[in-house]
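Order of writing sets the labels: A, B and C. Residues in every chain begin at 1.
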């Protein structure tokens, strides 16, 4: 059985955001066993799994990634949409547009410390749209 | 229902290549609702989703990634297959060998600006082989 | 049809480890056609596909990634769990917590040179837990 739904995330500031609760709220009751696939329909943002506890992890991720993939790098030619745009495309492909998570006993079977992150790479992005597909 | 097919991509030069149309042509008619999983059967190439419009994005990606993960780094010992080989392995794992895309209304439910990229990391690669699996 | 099982991997040293045989042993007989999804339930380790032959690739990956995402970077504030912890979180999201592999003719349909890697990013981690889900 397949269920598919679109999820709209309100605008967030640039950085890594824990969205597990919001996703669960949008999905409603989960099947006993299955898989959840989430894909973000944008090329300057990403989805990933990482630590759900200490917010320092999310801040350090943001600060380190901005050093690793900086704005205004001399090789960039795609600069018309702002200095944060080309780095956002690179980060989007390295973090990835989708996550796939097992469902067991009607719950996302994440590890104790795992949560779903929205990775917002634009400085002034709008709302973000996800497609959720559940197989059961 | 599961459909599985092998897709052969002709040799391309090193860089990022938009292959959405070619993939859709190979897949033929899509089911009403489901998931497409594509995996590349190589360890010196990758698949990713990124911007389908401005080719500058693909060129900047190639140029930046070559700076980030350079050839001839002093830590490399796996050098017998050429100076582009070990960087290709690293890039392959960071970009990822597969993409998973929702299917809705008989179409890939990508965002407006999203396309499928073949990431070719070898300077003189041959053809590339993908396995496509559709769940519906 | 969905089958789901938990796989426990014994403690390994920091680095990249080929685990294809161990995963196949744990899974037992595979269906004729389908998909295997493997997710690691940790945020300081990852799963990826890469070369299954020369162990130099795994050593070079470890050495290069440690240079690219170093310990003790000045931006890190999440440092209470050791100098290897924050780099491990960053690497985990860049490599990714899961892999999805097609199953064909009762076998994982990997390329000739592809194997499944456990990426262990902590210097003194314990056992690692995976969830395997097979669709057929």
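Just so we're on the same page, a contact is a pair of C-beta atoms (placed from the backbone, for glycine too) under 8 Å apart; a residue touches a chain by one contact, two chains touch by 3 or more.
All figures in this text were calculated on a predicted structure; none of them were measured in a lab.
Student: Tell me the rotation angle, 0 to 180 degrees, that brings the C-alpha atoms of chain A onto chain C, to the nearest 5.
Tutor: 120
Student: Given that chain A and chain B are copies of one sequence and touch, is their interface built from the same residue numbers on both sides (over half shared) or different ones?
Tutor: Result for this pair: different.
Student: Would you kindly tell me how far, in whole Å, the mean C-alpha position of chain B lies from that of chain A?
Tutor: Each chain reduced to its C-alpha mean, chain A and chain B end up 20 Å apart.
Student: For chain B, which residues are shared contacts with two or more other chains?
Tutor: Each of 68, 94, 96, 100, 135 in chain B touches at least two other chains.
Student: Show which residues of chain B lie in contact with chain A when the two form their complex.
Tutor: Those residues of chain B that touch chain A are 33-35, 48-51, 54, 56-57, 59-61, 63-65, 67-68, 94-96, 99-102, 104, 109-114, 117, 135-136.
Student: Residues of chain A touching chain B in their complex?
Tutor: Listed in rising order, the residues of chain A that touch chain B are 2, 4, 37, 39-43, 68-69, 73, 75-78, 86, 89-90, 92-94, 96-98, 100, 129, 131, 133, 135.
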